[in-house]
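Heads up, the next two complexes both have subunit A, just with different partners, subunit B and then subunit C.
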Partner chain A sequence: MTTTTTAEPLLQVRNLQKHFPIKKSTLFGGQKQSVKAVDGVSFDVYPGESLGIVGESGCGKSTTGRMLLRLLEPTGGEVIYQGRDIAQISAGEMRMLRKDIQIVFQDPFASLNPRMRVRQIVEEPLMNFRICASRKEARQRAREILEQVGLGENHMERFPHEFSGGQRQRIGIARALASEPKLIIADEPVSALDVSIQAQVLNLMKSLQKEYGFSFVFISHDLSVVKHFCDRIGVMYLGKLVEVAEKKDLYAKPMHPYAQALLSAIPRTVPGSTKQRIVLQGDVPSPANPPAGCPFNPRCPAAFSDCTEIVPELISREGRQVACHLYPADDPQAGQQQPTAV
Partner chain B sequence: MAKFILRRLFHAVIVVFVISLLIFFSIRLTGDPVAVMFAAGEPSQQAIDNLTAELGLDQPIWVQYGIFLRDLITFDLGTSFRTGQSVSSMVAATIGPTTLLAAAGMAVAILIAFPVGIVSAVKRGTVLDFGGRMFSLIGISFPNFWLGIMLILIFAVMLGWFPASGYGTPQHFVLPAITLGLILSGILSRLVRSSMLEVLNQQYIATAHSKGLRSWVVIFRHGLRNALIPTVTFMGVQFGGLLAGTVIIEQVFSWPGLGRMIIDAINARDYPVVQGGVIVLALITVAVNLLVDLSYSILNPRIKAGGSDS
Partner chain C sequence: MLLSSSNQAPTGDLLVVENLEVAIPEEKRDVTIVNGISFTVPAGRTLGVVGESGSGKSLTSLTVMGQLPKNLKLASGSIRLNGEELTTLSTDRRRRLRGKEMAMIFQEPMTSLNPSYRVGAQIVEMVRNHQDVSRAEARKRAIEMLKLVGIPRAEEVVDDYPHQLSGGMRQRVMIALALANEPTLLIADEPTTALDVTIQAQILELMKRLQAELGMSIILITHDLGVVAETCDDVVVMYAGEIVERARVEELFAEPKHPYTRGLLESIPDIDTEVDVLPSIPGTVPTPQSMGTGCRFASRCPQAFDYCRENTPPEIRVNDTSAAKCWLYDPEVVAQHHPEHTAA
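Moving on, here comes the complex of A and B:
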């Protein structure tokens, strides 16, 4: 979506970090350590776009998503929304800001309160954010929203357990939609669903986005789903973004060696396709003790001496953002530049 | 729903039958009531035989049990050996004080345990949590009669704020109810804490936060209501236990309740009073448990009483 380049970003994430403290007990008392679940992630989200964040499990995608709403407190960095750093504002301000930023969770069975009726689930944010002045109005609005996600009036008085997984995820989407957000974090929204239902829910989310114009941060480990859904994609590895690019660029020619390996793992639909799968050696290092230099260097087939010493920055290289020493920076000053969308 | 209640009533009948059997034979192991009644003097054999026959104890034991069961079906609990009063009227006179005391104790327990348990769970790992857990540990390990005696010593004898024993005014309730409630709140607060912790880790709590709700709304509306199910079960079970468990407290505080009546009757080998009292306690316990089961369907929409009726 090239139109996004000229627009002001809706949300700017700068050097976001989440370090979980852990205690390692040794013979001589405890030693303080931390798991660097998210270690300096920066990206922008533009109005109306869908930014995908992909990576294998444990790379910090969900943690990043939750920090954007401060469901988890960041341990460092900034999340700038409407000129304010979300990571710094008071809890009260954050509560009201959640009107603008909503989340759809992965597990549609765990994310809905089992004791509330569907109507109450959707009405609650309407009343709480004072979108509707009266209960009557809220009920009317809840009915409209549920209708939009494909649930009828006869569903309103039921409890979540009376629905299928796909329907429950629709309830979750309706709930997120209720506060009229400008950004929805979708944290693996379809990975708990049957494949046949996945497409329905994804199409619903797409059409709602078209109607309301909100942005998505779409977190997924499923590269095919991300390809279907997103405009731009960020690839995460071991708590860091290694490449951020337009979808067509990334899928046509991934630049970071990890992105190359990841994309080569997508099952091919064309028989006899010549492209070889890149099989990475070794395992993902522990985020408690990441390797020096580039986090990918121990497994990287192209690693050279710089990679074990210097952490590559996520900067513009060859027209997109890549954190890899293999590619020259577009601009000598790029190191100081804020990351921008290509 | 109706089928469910009917089935439970049938269970209750079986429970009462088994208890009648147990209490009828076990109380007869304590010895001959006639011997106790003549403990003072040297009665003639004739007098002993007369009294035995009068109380119906000369009949074969199975016949005695049959008569007891027959009377039970017509809600006739017999008459006391000692006083000649009907057991029903004695139970009626004592059940009120016992139920009120148990209810007051439960109320005290709820008032203490819920705030302590909730704060402990929400402020997990802090000094407040540590304090809450220490409190429940102390509550669990304290013998209740000792606590009762200590409370009497401090608040009745030394400070003179409340009466040490007896029954009649609201002031009389304070010390025994606090004694019962404090002990019970130890276990209850622990249960509230663990169920709250479990619920607060659920994802729908994060959902509730994302709705921009204040934390206390999240804790109470979304957290506590879901944490109530195991807690209410426990309280139901405990209430039955509380009724029977007031026995010691009733002794300590000279409370004119069912428990004290049964203890006195056991000492006097007053069979009908013991039997009647125990049967009534069993009935109340069964009834409370039934009420708890019925309350599930209100607390948790996923549970429909009777299951298949939905």
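Moving on, here comes the complex of A and C:
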């Protein structure tokens, strides 16, 4: 599936923020500080596409995913779905909206109610969102959905603990599927699974998407999985999107220095094939005290004076968006040379 | 010397593991969970042990270290380090070997470092347990080690508590701790699994550099075939408590022999190629209780034939540097029992 750029976006995210307040008490009383977990993220999700969000731990990718369903309340910005700002609507309206936007979590051990039978787990959304008029109808529909994710009649009356990790993730997918959503947020859906099982689950999600045409926001730290699964990819670093591009563009030629380092760091399965790896120095700075200017500047091999002072905007360039001072505004003359410092 | 056979000269092989068997003692009958593991680690080389969860790879390494959980027992087997048999050693001698001759690093550094001691104190303790040096000398050594593993401001970090460090830094401290007494064998159990890729790249690079400098042997236990491809010389692949394939690293990736290895390699999305549907291995790993006769992979194997389901395959040598536990490499069995031949 490729992106239909002419289509209306299904979901528009504008300048989304999540700042968690932290207390820092000093001798002279507290000074207000906050962890900027997500700090101004904007992107669109188109119907039927899979948008990948990649980044390392603590970059804010899961926080972003949760805010799209308001499992976490945004502290700023907009999430526009069907002309309405999800961030502003009432809790009651939001609850009904979750029919359209569902989530699959990373840990299939923690995200299923241990006291509910598999059948009940899938029936619940069918009844809640009034998709099925009667219990009997819901039971029939639950059976069909479970069959689609590869679980049979004999599994329906069992409890989650009786299943393996891969099977539990299938149950989680069935539950998300039940409400006939238009968008599924998949937060590290295969990270807890062994590779042979991971492939089964990825294939299942893809074939279901083909059948029903919903969109995915696929959150992952695994760049190989994201490349296999997604159409477009956004790379996050320290609460900000640093590059958003079509998959083939990003993997062929990452532009942001962080995206370059991230891609070069993936171990290849062909011995001796890893060429000029960019090994980044140091660690990700704390989001409570991010560096001035570009968040990546302390570790960036290409940083220059502007980078420590001015926060780069995510701007369009060569058919993608990049937030980096190496690439000034989208004008045909602009090359890769560094702009002179102001 | 990848293939463990008795006619090979002992020189050069630092660690020789033969026919290791680990079991859960149960009233009626012991349940074997690691079954007949043999491998050797030559001096200065890196052996990768690959397998999915439950394959027995971590238990194998704990057995080598002599730190098997109390509810499990070593049913049989021999482990020789530099010719010295470890399985019959006294607890005291074993403890003295641990941390001196052999050391281990774990996946999660936060749970293996003591949270209530400064990192320096932990390294000092490790050094003074095995060497007769003064506290001041040991502290100097601790700072040296922290510098060696690439920790910036080592003189300050030596007085930090583990929680003050990031995940990557903690893993470096773990490595410093493990290498403090310059062991000849380092066992690294998923050393980079809890780390982000950019930090993983740093740690793998560091381990390679230290191996070159200190000349130790490494057993690297991992589920990540990418990490294996980058760091190992030889590889053994484990499935359901057994070694199903062993080979040189280049050969394993270029020409996997066992159908399980092949399936495993195919099911990883490759960053450099594009496929629509990922090949996957159907089904799941059998539980130790449910393993009957026959090849343990047979129920998931696309190439299995009736003979596989009834007879346990031995390890069959495919060539000088590789072997597979698979009937497909026994020409006699194939000729007599494979449907392609029996039908003709």
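As a convention for this text, the second predicted complex is superposed on the first by the 321 of 342 C-alpha atoms of A that agree within 3 Å, B and C clash if a C-alpha of one lies under 4 Å from a C-alpha of the other, contacts with A are read in each partner's own complex, and residues count from 1 in each chain.
Following the convention adopted for this analysis, a contact is a pair of C-beta atoms (placed from the backbone, for glycine too) under 8 Å apart; a residue touches a chain by one contact, two chains touch by 3 or more.
Keep in mind that what you see is a predicted model, and the values were worked out from it rather than measured.
K.L.:
Putting subunit B and subunit C on the same copy of subunit A, do they fit or clash?
P.N.:
fit
K.L.:
Between subunit B and subunit C, whom does A:105 touch in the aligned arrangement: first, second, both, or neither?
P.N.:
first
K.L.:
What is the contact status of A:75 with respect to subunit B (first) and subunit C (second): first, second, both, or neither?
P.N.:
The answer is neither, since A:75 touches no partner chain.
K.L.:
After superposition on the shared chain, which partner residues are touched by A:175: those of subunit B (first), subunit C (second), both, or neither?
P.N.:
After superposing on A, A:175 lies in contact with subunit B but is clear of subunit C.
K.L.:
Which partner chains sit in contact with A:194 here, subunit B, subunit C, both or neither? Use first/second/both/neither.
P.N.:
Touch partner of A:194: subunit C, not subunit B.
K.L.:
Could you look at A:321 and tell me whether it touches subunit B, subunit C, both or neither (first, second, both, neither)?
P.N.:
neither
K.L.:
Between subunit B (first) and subunit C (second), which, if any, makes contact with A:129: first, second, both or neither?
P.N.:
The first partner, subunit B, only.
K.L.:
Taking the superposition as given, does A:268 touch the first partner, subunit B, the second, subunit C, both, or neither?
P.N.:
Touch partner of A:268: subunit C, not subunit B.
K.L.:
Compare subunit B and subunit C by how many residues of subunit A each one touches, and report the one with more.
P.N.:
The larger set of subunit A residues in touch belongs to C.
K.L.:
If you take every C-alpha pair with one atom in subunit B and one in subunit C, what is the shortest distance in Å after superposing?
P.N.:
13
K.L.:
Would you tell me which residues of subunit B are touching subunit A in their complex?
P.N.:
Going through subunit B, the ones touching subunit A are 202-204, 206-215, 222, 225-226, 299-302.
K.L.:
Spell out the residues on subunit A that touch subunit C in their complex, using ranges where they run on.
P.N.:
Where subunit A meets subunit C, its residues are 56-57, 164, 166, 194-200, 202-203, 206, 221, 223-225, 227-229, 251, 261-274, 277, 279-280, 282-284.
K.L.:
Any idea which subunit A residues touch subunit B in the complex?
P.N.:
Going by the criterion above, the answer is residues 66, 69, 71, 91, 95-99, 102-103, 105, 107, 110-115, 124-125, 128-129, 159, 161, 172, 175-176, 179.
K.L.:
Mind listing the subunit C positions that touch subunit A in their complex?
P.N.:
Residue positions touching the partner: 52-53, 152, 166-169, 196-202, 204-205, 223-227, 229-230, 249-250, 253, 263-265, 267-272, 275, 277-282, 284.
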